[in-house]
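Okay, structure first, notes after.
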Amino acid sequence: MFGLDKKDTTMLLVVAIMALCAPFILNPFPAGSAMAQFNAGYPDLMQRFVIFGIFAIGFNILFGLTGYLSFGHAAFLGVGSYSAVWMFKLLSMNVIPAILLSVAMAGLFALLIGFVSLRRSGIYFSILTLAFAQMSFNLAYSVLTPITNGETGLQLTLNDPRVLGVSQTADGSIPVTSLFGLEMRSTYEMHLGPWLFQFNAGYYLSALIMLASFYLAIRIFRSPFGMMLRAVKSNQQRMNYTGLNTRPYTLAAFVISGMYAGLAGGLMASMDPLAGAERMQWTASGEVVLMTILGGAGTLIGPVVGAGFIKYFENIFSKINDNVLHQWFAFMPDGLEDAMVFIVHPFIGKGWHLTLGILFMLVVIFLPGGLVEGGQKIAAWVRKKRKKGSDDTTTKTEPAE
Amino acid sequence: YTNEPTGSSVTLGFNVPQTGPYADEGADELRAYELAVEHLNGGGDGGMMNTFSSKALQGNGILGKKVEFVTGDTQTKSDAARASAKSMIEKDGAVMITGGSSSGVAIAVQGLCQEAGVIFMAGLTHSNDTTGKDKKANGFRHFFNGYMSGAALAPVLKNLYGTDRNAYHLTADYTWGWTQEESIAAATEALGWNTVNKVRTPLAATDFSSYIAPVLNSGADVLVLNHYGGNMVNSLTNAVQFGLREKIVNGKQFEIVVPLYSRLMAKGAGENVKGIHGSTNWHWSLQDEASKAFVKSFGTKYGFPPSQAAHTVYCQTLLYADAAERAGTFNPCGIAEALEGYEFDGLGNGKTLYRAEDHQCFKDVLVVRGKENPTSEFDLLEVVEVTPAAQVTYAADHPMFAGGQLGTCNSGT
Amino acid sequence: MDAILLQILNGLDKGSAYALIALGLTLIFGTLGVVNFAHGALFMIGAFCSVTVQRILTISFETVDETQKDFLGNPLKVKTPYVESWFGPETGAAIIDWSVPIAILFAIPVMLAVGYIMERGLIKHFYKRPHADQILVTFGLAIVLQEVVKYFYGANPIPTGAPDVFKGSFDFGVMLGFEANAIIYPYWRLVYFGFAALIIGGVFSFLQFTTFGMVVRAGMADRETVGLLGINIDRRFTIMFGIAAAVAGLAGVMYAPINSPNYHMGMDFLVLSFVVVVVGGMGSLPGAVLAGFLLGILESFASMNEVKSLIPGIDQIIIYLVAILILLTRPRGLMGRKGVMEE
Amino acid sequence: MNVKPDFSKNANMATTAPAFLSVWDMHAYYGESYIVQGISFNVHEGEILALLGRNGAGKTSTLRAIARLDDPQVSHGEIWLDHKPLHNMSSYEAATVGLGLVPEDRRIIAGLTVEENLQLAQIAPPIGWSIERLYELFPRLGERRKQEGVTLSGGEQQMLAIARALARDIKVLLLDEPYEGLAPVIVDEIEKTLIHIKEQGMTTVIVEQNAVRALELADRAVILDTGGIVFDGSASEVLENEELRAEYLAI
Amino acid sequence: MGILEVKGVNKRFGGLQALGDVNLSVAENTVHAIIGPNGAGKSTLLNCLVGKLIPDTGSVMFDGQSVLGRKPFEINQMGISRVFQTPEIFGDLSVLENMMIPCFAKRDGAFELNAIPSVASQKDVLEKAEAMLVDMNMADKRHMNAASMSRGDKRRLEIGMCLSQEPRLLLLDEPTAGMARADTNNTIDLLKQIKDERDITIAIIEHDMHVVFSLSERITVLAQGTPLVEDTPENIKGHPKVREAYLGESA
């Protein structure tokens, strides 16, 4: 189906179903229960999951396939966001032109930076991209303030010109982003017993775009182009002496992944029309690197998983405070309750970084190849164990010949 | 309206930096929030509820609903702060968001609250823009701002250092720094001071030596550090290291001024703050009844005196609750109306006004000095002057605050 | 003229910090080939060694002073450090005053131990893993180290002064015939500069004049073959890592009086130190040092007002701009070796 | 196919002379792939053993396993060298008790000069031939002592790899295709050297595709196929046995 | 006028004259062998032909066009393919993929953004690659990771990759080194066959005289960077200087 083989089709369908049912899947706990803290099914976080998913998928096209580790991809995300917000300010609140401009601008920017940076490989390439991104960030924060609004970030105001639209709504507020009239923030709430599920227009738009991006990424991975990129990673020298020019291949990969980042940036701004310089900082670039590695670089679904993992911790764990802990452990006797709170305390709320750091380490140490590959290995191991139980012949790989 | 509380409780969102350089400030804010909630729900000794001029609060929550709260981490990044605030609004049903420790974050979250239709009570934000060009109908600020710092400091500086001075500004290169630089330069120039140079320093700078070294040679005899947080700690430390304060320039003792002071920063800069002047929103050593009551209940609960950030957010929580009681509703528009133009006393800075035109609060501003002989680790600043509110008040259409529109209140319907 | 001299001096000093951090990093990154995102954290731990020694020396007992009141109006508890009561107020105060230099002695074993544990416990398993994995694990470690420090010391910077004799500044200008105050320089920064020179010299002579450096380089290029030649390369890697940790830590110890240590200071330096190492050229110690000084000096120049008014914002980007220019004109940085981390 | 040698028929295993290097029932894996499938053979002191077989038969893997490199991993079996249990050692320990391997892809260390490559071999004791003596053996290396090792020509690299092994005082020399890429005259030279060091008591295992040459040099031969031993006997026996040569060596 | 004309090529490495005034003419559709002692400059000469090195002086013409100053991939697209002395393959890719890449390069040129259709849908390329694998006798390894093949197999794969490009000039640097005798013979046959079927010219460097003499029509002997003689195999075999400097007793 869709020009994919069976395995890929299944994967795409699974991802599609997960994405479309996310409001249910991510909200397993009844609202108001002690565990509700772990629910992630609210519009903003769901949007973030898929948007960062797009960002990471795109990053993986470059890093996973070619092995070129860019440490400046956040710059494209930032450019995308700024472009989108400017589009909202100047043209219209419709998200389509904004997203298109984001992708185009990010692509252009990526072409420029990629053209220069790809003259070098390995760590030298990484540092070049880092340097470009940091320059963009520093300039966006200071001298480019007229364009970026500096530290405060670019926001909509009540006096934006907006050619195809109004500066203010009738009641004197800033109009909201929409897709031909469908407001991105409009949310349908479904109460089902104690559960509350939220279906948000913006999320579904983002999810559909994510699915399209994911589909495109699968196609790229399975295409001759994808194979060439893996060949670049494996042996550039052989590429050259096989009559293949590696530069346009890597540049194309760089630009494509830059456009993915721009798309993510544009979507982010479409969901929440604000663009801040810190989106371009090296830590933001580092974050997408971590997402990709954590999920599994070079695997298709890994980056999305990694993105979800990090965003979940950032948004859920940081919000757990001692009060919540006391609620959880309320069933315990007082002394024990306090002890538990005391033990858990350093890892939640302001300690969420600590938990994240520890998890990073645990994942790399015990699941080399990232969450996805680790999961596969565990699954294979379990399968093998089960098989071993039934018949006791070890599978011997016959050596060649 | 958005997140109308239907049950027996009402949820407030406390959005403070819990990671990153301002984490300690954020932690202090959280302490104050918890204290405020305790007091609102009738626990503890009531703190400033007893000294507050409005008596609408009963100690039975707000409008009879028990106050609950959720916390989040702004990371001192606008994106993260907005994400955190959004989750409070979308997931936890918060009716009011408050907190923060930088102007960028405050402005970003204020914008969000305006769109979402909840009240935003800005925490620590000192930029003129928060209630200037970026003011919003749903947002209120209790903290003072760059202009007020200038207005409060100028007379003191005049008394101390005279009218014939050459000032050299080092300014953090982002919007807050610029507004403060503009305000202070204007205020000191009005005294007759000459501004020798205004130098912008990168936000990411950690070592300011290359900016400080040329100061002495520039003919300046006063150095103004428009820095906050780690920047300020480092630039002040560097300036003292270079021995600027021992120098005589133009026949005068060289001086350093740090317009925006906080006790936590003073602590970070250690001995270097001794004798250096600046302004602050509030200080625990104030001897009015309200301040004493607050210090007492905070100090008893946590074992050390509150910071100005703690004071600010505590006041804002009480003020929000009070406004809800007076308005009889949690509807943001009702609350905004109750707060607009509201005048009160008994929260530590004397008579205070929440001006309707820009939602800026006007109250006394403190000029402080690094203490020469501190008696304890908290006793780092001493109040030199309490500048009365009248002296720091400016017209709502003052050019430094021009540009934005307050807009109309949004209740999210 | 004096302004230029001043900025060169400044740059040398800034550069000595950069060089020192980059030197430690290049031992791990350029030589062992491990992308160590925890290097900044090692620097930070070094700085906190200073803080810790200061804290240990000022451990105090409390006496109640009825004449003074604390913030709650209770009688004030006055703290007196034990060292002051043991050695007398003056000697005691002097010892506390010298806590940063004393911390060097404390930091050496601590940092060697940290480096040893880190290498044996973690990094050892990552030599053969992809750089991506190294990034993830060391980044995780960096966060953990940071957060642990934050848990115990808070997020606020902690002032850690240099000994009194090194406070204040020295007037170079007068020595060179300029006006007074034209070129001033804090004493402690001179000390730092000297200290950096000492450490750099020490590490160089250890690695250049012994076969140790050659063996480690060979081991990184091809562990297997070096093992076949009877060399226990693991042990040498551990030693190298320990040295690198110690260099990073000592850079931090001495840096504490320059800027008050805080838990995230390592991250502030991290990106910069990677840039310095790469601009210097992978695998080259002299390259890292040279690049450190070069970037330090250029950064100082860029911060001059004359330059800034010519090119606005130049001081914000100078380092990155120079890095880009150098990497584009010299494929392997200033003095990089062929084949190190080019894939 | 997994052919286990039949020890009872094996004249060699039964010999009374004590084995100097002894491999017993060795099994080794690359990750999941089972490559060395139960190999046993002995080498006597001062003997040259030719280890032969087709591409992919497992010769290199066997040598690597004996040298205790990380890959392939020996899962079972024992390796003894001069009464020392190599199977309990790591590769550098094996090297210190007297094992020397000349790896098939030469493994000249990048970034080091010719001389440094040799010096590297003499850092850990015991030390064998002096560097000067090695230069006498391979004058080309002496001429290029300051050149970076990896820029040497293919044959020069091979010389360096052999020289590096001799720079250590070893008891057993494992050679993986030592003649590969060498000009015929040089092959002659090296052969002479091997005979020379054999006379001084060196024990050698040689893997070589040029089977005839290897067999002419060797005392005994072991033929591998798909990870198992299919022949173990004297070298001349192989040279004479048409069938064996045709089936496993295609000569 | 040969398809490849090398005139007056010089190349120095520091103090070392690696190539000194090399003239070489390779006639179209012949097999031309270049032999010579180790370090004679044979590989260096090949490097100058494929753009890896640029000669200090001299000219290199392929089919009437100069190759100097062109990038390696451009030279390859002109029709020159090269097999390296140490196998250069795509280690992380499967054997089949390794074989497909040159087919793509042949079909699509130096760059083609073929990002949407799947590899599986490129039937022409797949078939060609599969056929080549069968020719190279390694069809059973098609899904193996190329890096985990034995060395001889890697070399055969590389030859196959170059052949599947259908080059006009094939440069082989010791293609059969380390290859088992049976495969060596196969390779010789394959090369002969391909040369006859498709108008292909081959320049080969080899130390294995069996290969050299069974394949080549002309031989150039290179010594110390300069051509010593160029002649037919029969004459070279008997040439006293060549025997002395290169072949040794074994020839």
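Labels for the chains are A, B, C, D and E, by order of writing; each one numbers its residues from 1.
By definition in this document, a residue touches a chain if its C-beta (ideal position, glycine included) is under 8 Å from a C-beta of that chain, and two chains touch if they have at least 3 such contacts.
Computed from a prediction, not measured in an experiment: that's the story for all the values here.
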Intersection of the contact lists for subunit B and subunit E: A
Given subunit B and subunit C, the chains that contact each of them: A
Farthest-lying chain, centroid of Cα atoms versus that of subunit E: B
Selected pair, greater C-beta contact count between D-E and C-D: D-E
Subunit B and subunit D: spacing of chain centres that average the CA atoms, whole Å: 77
Approximate Å spacing (C-alpha centroids) for the pair subunit A, subunit C: 34
CA centroid of subunit A to CA centroid of subunit E, Å: 46
Intercentroid distance (Cα basis), subunit D paired with subunit A, Å: 52
Residue numbers of subunit B (touch at least two other chains): 23, 27, 173, 200, 202, 204
Shared interface positions of subunit C, touching two or more other chains: 316
Subunit A: positions in contact with at least two other chains: 138, 141-142, 353, 400
Partner subunit C, residues of subunit A touching it in the complex: 63, 67, 69, 116, 119-124, 126-128, 130-132, 134-135, 138-139, 141-143, 282, 286, 289-290, 292-294, 297, 346, 351, 353-354, 356-361, 363-365, 368
Of subunit D, residues touching subunit E in the complex: 30, 33, 54-57, 60, 104-105, 140, 147, 151-156, 158-159, 177, 180-188, 209-211, 249-251
List of subunit B residues in touch with subunit A within their complex: 18-19, 23, 26-27, 30, 69-73, 77-80, 82-84, 86-88, 90-91, 102-104, 107-108, 111-112, 114-115, 129, 134, 173-176, 200, 202-204, 404-405, 407-408, 410
Residue numbers on subunit A that touch subunit B, as the complex places them: 39, 42-45, 48, 138, 141-142, 145, 149-153, 155-159, 168, 171-174, 176, 185, 187, 198, 272, 274, 276, 278-279, 314-315, 318-319, 321, 323, 349-350, 352-353
Subunit C contact footprint on subunit B (complex, rising order): 20-25, 27, 173, 197, 199-202, 204, 206-207, 209-211, 213-214, 216-217, 230, 233-234, 237-238, 241-243, 246-247, 249, 264-265, 267-272, 284-285, 295-296, 299-300, 304-305, 375-376, 378-379
